[in-house]
Every structure is written in C-alpha cells, then in structure tokens.
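Here chain A shows up in two complexes: once beside chain B, once beside chain C.
On to the complex of A and B.
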C-alpha cells in the first residue's frame, strides 16, 4: 500500500509583508482543500507578526529530510503546485543516482578470488600429507 | 510608471555578484591551483570541464566495453579458452549474453561462468568434428540448436 512520505508542511509567513501576499491568499482559499485532499499530511500555518524572514514552505519527510522552499512573490496557484509537488516526493536527496540498480547480496555462488579456479590442494589444510 | 523605472534601471548596480560567482566556483572547488579560487581562471576551466564531460560520455561506452572484454578474456583463459573462441561459440549455441553480463557472471558467479566455458568448449569441439570428421559420427548435440530469427 502507498504510504505518503511527506509528514508535515509548515507554512511560515508574515501577515503584513508584501511578498507574502500569495501565501496569505493560499491560506485563505486553497489551504483547506489541500489539507482535505491530502489527509495524511499535517499542515501547520504559523504566521509570525512583524518583519521577519522571508515566507517559506517547510516540508518534513518520514526519513528526516527537511526541505525549505521560498514562496516570496508567488501566486496562490504556484504555491498550490509547489505543495502538491512536495507531497508527491519522497525525502531522498535529489542528486545524481550513480547506478539504477543496487543489491545487498551481489554474489550467490561466492565472489571470485584468485584461488577459486585453482586445484583445492593449494587451499585445503589437512593432516600433513605423507610422502608417497 | 515605466518611464521613471527605466532611468533607474539604467543607473542600477549589480547586487548579487557574489552568488553569480559562487554558481561557477562551486563546480571548480575540487580543481588544482588557482583555478579553484579565482573566478576568471575558474570560468575557463569549468567550461572546459563540462565540454570534456559531454564528450567523454561517448568514450565511456567504449572504455567499459574494453574493460568487460579484458575481464571475460581473463576468466575464460582460466578455464582454458581464448576470448574469440568463447564468445563465438556461445553465440553459435544461441546463448546471447552481452559482455556486461558475462563480466558480472565471471566475477560474482564463477561456477556459472565455468559451465558457460564448458558449453563453449563443447560446441567448439563439435564444430571441429563437423568440419573435419565428415560423415560417420552423428552431429553434435549443441550444434543442432534451431535458430529462430
């Protein structure tokens, strides 16, 4: 079954700053619908009064990664798109994947070492061989 | 009012020069010498590094294929077969494994590789018998594989 990797979304904005207008509109209009559509994500709306840092959308995932996105001077639709994008992501780092495959047990028959195809007399230590 | 801000814009000075410079320098941090610190030298080096990395993607395929061939050759020599004999006889027995898979088998699954080498050896012998023996003996088992194309 699908488990949504996004744990919580924190909407940090100021109720008076000019660049937080989109954030305020989002909170007024689309935040409730978003919260209803994504029932397993917790949405925190925390306005901080007075001049403060830029308006941010902080996403925390189940594996502990915290992703901050600036929402200064963004419209309400753009913030909604951003929120849905974060909700559909997992918390893995967004870097280049070196290989598209991975195994914990690469070898079933035992990895090759220089003595695999040599006669076993070189490796086996038995009772001292009698000279014949 | 566009008229006022055009005059202001013409007179404005750059305020985020630091971040524009850092965008380039972050790709030069592991370079040697002054090109990892000085922007003018770094711009040239970073551009050359990117060009080389795009061109190298074609070389990488050739390099890896050569590496796999070296490994398969070493592994098949351990079992008494040379690389051309091994690969051609595997193809004749309709075992269409590519060199990447063969190299991985040779490293991680040595017994499977040994059985593949034995198969190729047997097919080789049957090929010799079919070419030189001529007649009385029945055709080989592995030479009778039907090739559907």
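On to the complex of A and C.
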C-alpha cells in the first residue's frame, strides 16, 4: 500500500522579519488546509521572536533524511507548492540518476550462456531411421 | 564612539564542531515533538484506524518502565509515585506474533500447496525474524515513537514494538484488516529471494527422492548433459535428472557432485512451484461476503 514518506514539516520563521512575510501569510491562510489534506504529515509551526536565522521549511522523511528549504521572500502560494512537492517526494538523496530505466526481471526466458541452443551430448545423432 | 565589538571569527567554526560532535539524541528529545500528533499521523500513514490508547500501550516497552521506575526511585519519590500507570506491550506483542505467524502460514499453504511443512515454517521464520521486522519498523518510523531505555533502539525491541502494533490493530479492527496489513508489509520482503536462500536444505537429493516416491515417480537418473572446460581450472558441468527417460530438471555446477545437487534443487523448485517465473503474489482486495456466500451455498 502507499505510505507517504514525509514524516513531519517544521516551519521556522520570525514574526517580525521582512522576508518571512510569505511564511506568516502561509501560516494564517493555507497551513490549516494543508494539514487537513495531509493527515499523515505532522506540521510544526515554531515562530522564534527577535532576529534569528532565515525562515526555513524543514522536512523529515521516514528514512532519516532531513531537507531544509529556504522560504525567505516567497509568496504564500509558492510555499504551498513547495510543501506539496516535499510531501510527494521520498527521502532518497537527490543525485543524478545514471539510467532512466530499471527492471527486476532482466530476462524472461533465461539469460543466454554459451550452452543455450547447443544440443546436449545425450541427443542421438545417427542416420535417419526408416519408418516401419 | 567605537563600533560595536563583533563576535570572534572562530566562533562559527567552534559551534559547527560542537553540533557535529554532539551525541545522537532521540527525536523525542529534540525540539518540535508532539507525541499525540505523531501517533495520529502514524495511524493515518498506514491507512489504518487504530484505537489510540491500545496503540499507545503498544509502544511502551518493559525496559522503559523499569528505567523510569529506577529514575523515580533515585529522585526519592514515594512508593505510590514510583509505580507507573503504564501497561506493557508484551501481551499485545505475543498476540501479534501468533496472528502474524498463523496468517502467513495460511497464505503460503494456499499459494504453494506442494511446499512441505518445514518449508512453510522456514519462510514464516524468515519473515518474522529480528532483522527483517526491525528493518520494516525502522522505515515506518517506529523507532521514533517506541519508548525504550537505550538509544538507538536494539532490533529485538523494534521487533517487539512492531508486533505489538500488529496486535493493537488486531484488537481494534479485527482479523481481516490485520491480515491485509500483514500481507502488504511482510510479503513484499520475499521479492527477489530464492527458496533455498531462506530454507537451508542439507540434502536436496534425499528430499527430492522422498517427493518423487510420494508422487509414485521412479528414482531420477543423473546424466551429464553438457560439459565445458573439463581439463581446465573452471569446468562447467550441466547434469540432467531423468525419470523414465523424461527430463525432470537440469542444473549447472563446477564439479559433477555440485552440478547434481544443483539439479536436485532446480527439480525441487519446479515441484514446489517456487520458480522465478511463477505468478506474482495477488495483492488485490479480498472479496467480501465470502462467509455469506458459504452460508448461502450450504443451505
């Protein structure tokens, strides 16, 4: 069955900084709807007062990876899109995929080895027998 | 007036080093943690409806209760305050284990009717073994929610907690839904695995002879089918097993004895129906109303 790989989203922002305006609007308008639509993601909203680090969205996945995304100077819709993108990702590292195809069954009739299609020693090879 | 003094240059590097060298901590001890919300999210993530108090007892391990009582006694509280009001998860874990084993045995007997009891037992033991269950539990975030004494939680604790979760599901939703849950999370662990990787068979030829006598087929006759590089360091022999001059199975090997054993294993896989090209497992929804149909048909 499908198990959403995103465990929790932490929204760290400051209630007074200018670049956290989008984060504040997101919390006021869209955060509750997002939480209701994704009941298997725990959303933590933690405002830290005073000048602190930049506003950030921290996503923790089931396999332990923690992904930080800066949301400074982003609008509320952009933050919502970012949050849905993180919710639909798995926690695997984002690296270059070597090949865009993969198969668990590389061979259906058996992989070729030098002895396929060679007759076995036991098959009798002789002159044609006359029908009786 | 002088400009305000800046923080020292080395401070950032020092703080970073402190952060990297800090010992690993439980997620529950880091900031932003709400146990009730996490448990609700856990039940939604598995798409199952749990009774929350049963689920909370399922995560409580006996080592946690002992360590908590010892800590309270050390802090010098009275006897009444020392005793915790929490219940263990050992009962739920036992029930979960029994149900999981019975359900998996039933699944395998239905899917591979030719497989003998020892084979079914080996498969069930593999699926309920510590490594597999703790691996499944780790990837479902059970290690964050489980309350136990050591961190990181040892694999037997994770196994007990996950089986207790299955027991809690059994109590809340009934055997059908728990069966579907066990099927969805345990049976995919068999993908890509071969029967004889899981089931250790010492004498495959003897087992094959027993199986053939059960089906009234004569004893197999081994013959060399193909051979390559006989006089080299790496010979390859293909030995075929023939019953009444009809081929049963063929297997490769480095020496003649190894090839014969491999041929016996291939023959056993064919007989038990556990080949690589068998039908994949059926994960469709079970049809409801089967019990009602049986009742109607028996009338």
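Here is the rule we use: the second predicted complex is superposed on the first by the 98 of 132 C-alpha atoms of A that agree within 3 Å, B and C clash if a C-alpha of one lies under 4 Å from a C-alpha of the other, contacts with A are read in each partner's own complex, and residues count from 1 in each chain.
Following the convention adopted for this analysis, contacts are C-beta pairs under 8 Å (C-beta built on N, C-alpha and C of every residue); 3 or more make two chains touch, one makes a residue touch a chain.
The structure presented is a predicted model; accordingly, all values stated were derived computationally and were not measured.
A.B. asks: For A:104, is the partner it touches chain B (first), chain C (second), both, or none of the two (neither)?
C.D. replies: It touches chain C, and chain B stays clear.
A.B. asks: Using the touch criterion from the header, give the chain among chain B and chain C with more contacted residues in chain A.
C.D. replies: Tallying touched residues of chain A, the top partner is C.
A.B. asks: Given the touch rule stated above, what does A:112 touch, chain B (first), chain C (second), both, or neither?
C.D. replies: first
A.B. asks: In the overlaid three-chain picture, which partner chain does A:65 touch, first (chain B) or second (chain C), both, or neither?
C.D. replies: After superposition on chain A, A:65 lies in contact with neither partner.
A.B. asks: Determine, under the contact definition given at the top, whether A:89 touches first (chain B), second (chain C), both, or neither.
C.D. replies: neither
A.B. asks: Go through the superposed model and pick first if A:73 touches only chain B, second if only chain C, both, or neither.
C.D. replies: It touches nothing on chain B or chain C.
A.B. asks: Find the residues of chain A that appear in the contact set with chain B and again in the contact set with chain C.
C.D. replies: Residues common to the chain A contacts of chain C and of chain B are 108, listed in rising order.
A.B. asks: Which residues of chain B touch chain A in their complex?
C.D. replies: Per the stated touch rule, the residues are 75, 78-79, 106-112, 114.
A.B. asks: Can you tell me which positions in chain C touch chain A when the two form their complex?
C.D. replies: Touch residues, chain C against chain A: 31-32, 34, 37-38, 40-42, 44-47, 139-141, 144, 184, 191-192, 223-228, 236, 238, 240, 276-277.
A.B. asks: State the interface residues of chain A toward chain B in the complex, per the touch definition above.
C.D. replies: The touching residues are 106-112, 116-117.
A.B. asks: Within their complex, state which residues of chain A touch chain C.
C.D. replies: Where chain A meets chain C, its residues are 1-4, 7-8, 10, 39-42, 44, 46, 62-63, 104-105, 108, 114-115, 118, 120-122.
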